[in-house]
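As structure tokens, here come the structures.
Same chain, two partners: subunit A is paired with subunit B first, then with subunit C.
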Partner chain A sequence: MRRLTPYLLALPSWMWLSIFLVVPLAAMASVSLQTGNAIDGFAMTFSFSNYADALSTYSPQLFRSLGYGALATVAMLLIGYPVAYWIAFKGGRRKSVYLFLLLLPFFVSFVLRTISWGFLLSDDGILLGTLKSWGLLPAGFHVLATTFAVVAGLTYNWLPFMILPIYVSLERVDPRTVEAAQDLYASRAAAFRRVVLPLSLPGVFAGVLMTFVPATADPVNAQVLGGTGNTMIGNIIQTEYLTNLDYPTASALSFTLMAMLLVGIFVYAKALGTENVLEAAAR
Partner chain B sequence: MTELNAIALEGVVKEYLSHGEVVQAVKGITLDIAEGEFFSLLGPSGCGKTTTMRMIAGFEEPSKGVVRLHGQDVTNVPPNKRDVNMVFQSYALFPHMSVWDNVAFGLKQRKTPQAEIKQRVGEMLEIVDLAGREKRRPREMSGGQQQRVALARALVNRPRALLLDEPLGALDLKLRQAMQIELKRIQREVGITFVYVTHDQSEALTMSDRIAVMNDGLVEQLAGPREIYERPATAFVAGFIGTSNLLAGTASGGTLELGGGKVLVPDRDGPVTVTVRPEKITISTDKPGGDVSAVPGTVAEVVYLGTYNSYAVSLADGAEVTVFQQNAHDSTTTAERGDSVWLSWQARHSYAIGS
Partner chain C sequence: MDPLHNPALLRGVTQPRTRREAFRIAGLSAAALALAACGVQGQKAAPPKADAVKDFWSKQTKHGKVVFANWPEYMPGDKAPLEAFAKATGISYEYKEVVNENAEFFGKVDPVLRAGQSLGYDIVVMTNGVQLQHMFELGYATALDHSQLPNFAAHAGAKYKERSYDPGNTYTLPYMSGITGIAYNTKYVKDDITSIEALFDPKYKGRVGMMADAQEIANFGMFALGIDPEKSTEADWRKAGEKLKAQRDNGIVRKYYDQSYIDAVSKGDVWLTMAWSGDVFQRQLAGEPVRFVVPQEGGTIWTDNMLIPKGAANPLDALILMDYLYQPAVAAELDEYVQFVSPVPAVQDLLKEKAATAEGKDKKDLEALVASPLVFPTEADYAKLRSYTTLTTAQEQIFNPIFQSITQA
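Our next item is the complex of A and B:
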């Protein structure tokens, strides 16, 4: 009995995973191979051509999503690392205040926040309208419906997920190891490069994973802040499911996206797994 | 030409701003540390000893005063450009590097040729008895081994001086004693100046050539271990180093009258505090004759401690005196609780301190 206890304790999570992850995935896999329509119903025909059709139609949106996700992730890294560094090493007694401020936007719904950016950035809105009335911007200038707006929105929305893991790993760096590096003839820059940066890479690794995946799959930012030329794969899947009721195409696209992300993550982890990262940094 | 001191501090002051108020952590220290010396900064926590060491290492800039290394003014030189290395409290080893990479770090930063790095790191690991463990990570090693990695990482650079900040604090007693002897051996072997920060008086007495006893940002006494122990210059030093008895009163004509007895204080007049070590005092039932200090008292407590007995004796004026008596012969002659006894000691074993 005692030997079974750990498994029994893990049972609820296993049940959760199987009911809410494995079952829907299996259902979706099955739907992605069916043919038919919403009125007459769908039937299993092992139609692998669903995948080929979906890909040939929507590959621009698929690759655009990966590109936007990557751009936003790089932007988050460039903005987030210094912020995390500053809180961890210079935050002093107010660290928890800064962390709270970082999480404060989460008290408002994600969609609402994105929509308010839409208001703020609208062509004649508070910001652009004012600048235009002062003659600081040409009348035709716009931010919305551009790649910039969508990537900026993605960056804004997932930035805390980049900052927090990096902060956690930086927080664990003993400041005395930095002093030790300086004592051993390393300049400030060299001490950062050879001690702080390698020790924070596990956080960077986690941060990139936690932001790249949701940013790539997100439909909201492209819909609210983007134009017709910025449609991402998340929007397509949403439309196919909810508007066109073309469940097989939507499922096939979902699986394709998932497979691409999984392969990407696998390659990324293999190339930059935390152990390898640390090995490389020690050289 | 006189030989240059390895380290010289000249009127060094360190001020901090704490809640809008200026606090002096170090209030003006001037001292010279000779080449090849084992020098200790000893004092309670908050006495400024670590701040003093960090100013020598370059992590803190003095608010006033000058720091010299081999005669050269390095007051505003950053730590990476100073020819001293530090062994940090709890070691501060690089957790993501192997023992080898930890030790080679300083040499690599200085762009030492690969072959020389190999040779020097190998030699140093030999000296600290870690050969064969080059590939280990710090977290895979015991505290004593990590300690030796930290030592090797600093010493391999052959610094002009090695600074050690309570390096044995995290080790257990047995290991600490072994490492004290080990440190002394290594210091003799490499011939480098050691500056050792500690709050542990026995550690300082065991290893040092000279000790600066610090209190409240100032050096109270700077002398060899024997002199610090035998002739404490201030009440603070007497109290901080070992156990000491302090007897206060007013002296006249070289004698301090105390509860029916007398304490000899040559050449002193007026208010005076006298210190005497517990092991210098003899207990007897009769009043001793001869030219010695002798005061009567009542035994308040006897504690048997194996190699010696510790007595607490109350004097007539209420002061309590601690006496250690070796159990060299037999312990049947010891006084019992409540006995009236005389305490006596040679005049040369008590010192008038301060004023």
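Our next item is the complex of A and C:
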């Protein structure tokens, strides 16, 4: 009995995982190979061409999403790493205040935050309107309905998910290791490059994992901040599922996206030299 | 996937949710899951037989309770018409603003109705269009007993008794109608817009808003080409698609909008846009510089319809309420708040009388309302107005990609 206890304690998590992840995934896999329509019903025909059809129709949106996701992730890394570094090493006694400020926007709904951006950045709104009236921007200049707005929105919305894991890994870096490096005649830059950065890589990895995946699949930013030609794959899946009731195409697209993200993440893990992806992310 | 990415939640997150609703959503996902696991059963329903309808209604009794599911801002805040209904009939009501979009609403109710469960609503309101058609085809709507609808028979306008999408009002009674036309911001557009060509004019490059909805945008493409959407063919859709694609590729369209178009045009992000009449009228009352026109080439008239979903707990009470809303005094009270097109023509005279006796700002507002062609279209206006194309499922699979490949490129 005692030997079984840990397994029994883990049972709720296993059931959670199987009911809410494995079963839906299996159902989705099954639907993605069916054909038919919502009125007459769908039947399993092992129609692998669903994947080919969905890909040939929607590959521009799929690759665009991966591109936007990657751009936003790089932007988050460039903005987030210095912030995390600053809080971890220069935050002093107010660290928890800064962390709280970082999380403060999360007390407002995600959709509302994105819509407020629309308000803030509107063509004659408080920001652009003011700059235009000062003659700093040409009258026709606009930010909304551009690729920039979508990527910026993605960057803004997931930035804390990049900062927090990096902060956690930097926080654990013993300052004495940096002192030791400097005692061994390393410059400050070299100490950062050879000691701090490698020690923080697991945090960077977790940060990228937690931001690239949701940013790539997000439909809200493209819908609220984008214009023509900014449609992301999340919008397409939503339309196929809710408007067209084309469950097989929606499922096939979801699976394709998932597969591409998984492959991307493993390639990334290999490139980063992390021996065990999951262990690194959990650390 | 985290809950932020659940499309069904996206539109709903700004709305407060009760715990009961949370349970319903949980149940819904379970239903969807069961449904997906064993393939998706078709349920094509045959048209109702007169005997069966009569039989169904002869068994119904009044339960003294009705649950009404409607769109937001479609009933005065104090629910006065429903309060009066409760007093007059002894039927208590529950009013829920749960319909935000037809596709999303259908996506939510389909698994529940498919599983043969009750929605918990006795009346739901849906716009004529693809999803309403699906409700009929799948047998999700209860055929109405017209012998118990005396007010509808006496007071509904002739146009609201002969609608191509529901001949003979078999399943639905109109709640309100509205018009899709052009709205423009008079701060930026100095010309009087009269033609749909303005939406295609390079002069307004990057300042034109179009709607993302396939049927809405298709109609405007067809109006621009002089095609009547109600009689259109596949070749017409493709021609309209070409026209709209050129409009996008020339950079004239800024964005394909959902309901957010009205903020964009009143803020000046777009200068002119496809628009729904009632939205613009409400903004005008708020003093914003927007104007609405039905273009000379045509505009779309759509109707929000009340229907009794399959498995409703209180169908007879629902039928009584639907008929009650057709009493001219009730319809007038409702329209004074809602400001869309009422299916009861007598409303205009009633509101005129009320305006004559009112004073001050009330009088001014009422007079503006009575004179507004957006709320009371003239015969000349009606002559320009067309419905959406009625599509079969097979046609829909051709129609949707033509227009979605433009709005979702």
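Details
What we mean here is this: the second predicted complex is superposed on the first by the 272 of 283 C-alpha atoms of A that agree within 3 Å, B and C clash if a C-alpha of one lies under 4 Å from a C-alpha of the other, contacts with A are read in each partner's own complex, and residues count from 1 in each chain.
We take it that a residue touches a chain if its C-beta (ideal position, glycine included) is under 8 Å from a C-beta of that chain, and two chains touch if they have at least 3 such contacts.
Just so you know, these numbers come straight off a predicted model, no measurement behind them.
Under the clash rule set out above, the superposition-derived model of subunit A with subunit B and subunit C shows the two partners fitting side by side. Using the contact criterion defined above for the overlaid structures, shared-chain residue A:87 touches neither subunit B nor subunit C, since it reaches no partner.
Of the two partner chains placed by the overlay, neither subunit B nor subunit C lies in contact with A:128. Once the two complexes are laid over each other on the shared chain, residue contacts for A:166 go to neither subunit B nor subunit C.
For subunit A, the partner touching the most residues, choosing from subunit B and subunit C, is C.
Of the two partner chains, neither subunit B nor subunit C is touched by A:152. In the superposed model, A:176 makes contact with subunit B only, not with subunit C. Once chain A of one complex is fitted onto chain A of the other, the partner contacts of A:34 are limited to subunit C, with no touch recorded for subunit B.
In the superposed model, A:247 makes contact with subunit C only, not with subunit B. Looking at the shared chain after the overlay, A:214 reaches subunit C, while subunit B stays out of its contact range. For the pair subunit B and subunit C, the least inter-chain C-alpha distance in the overlaid model is 34 Å.
Put simply, subunit A uses no single residue to touch subunit B in one complex and subunit C in the other.
Within the complex formed with subunit C, the residues of subunit A that make contact are 23-24, 26-28, 30-31, 34, 36-44, 57, 60-61, 109-112, 115, 118, 122-125, 140, 142, 144-145, 214, 217-220, 223-224, 226-229, 231, 234-239, 241-245, 247. Remark: subunit C residues 1-2, 4-5, 7-8, 10, 13-14, 33, 36-37, 39-44, 103-104, 106-107, 110, 134, 137-138, 206, 214, 248, 253-256, 258, 260, 263-264, 267-269, 393, 396-397, 400-401, 404, 408-409 touch subunit A in the complex. On subunit A, the positions that touch subunit B within their shared complex are 174, 176-177, 179-187, 190, 194-195, 198-199, 278, 281-283. On the subunit B side of its complex with subunit A, the touching residues are 57-59, 78-81, 85-86, 88-90, 92-98, 101, 105-106, 109-110, 153-154, 157.
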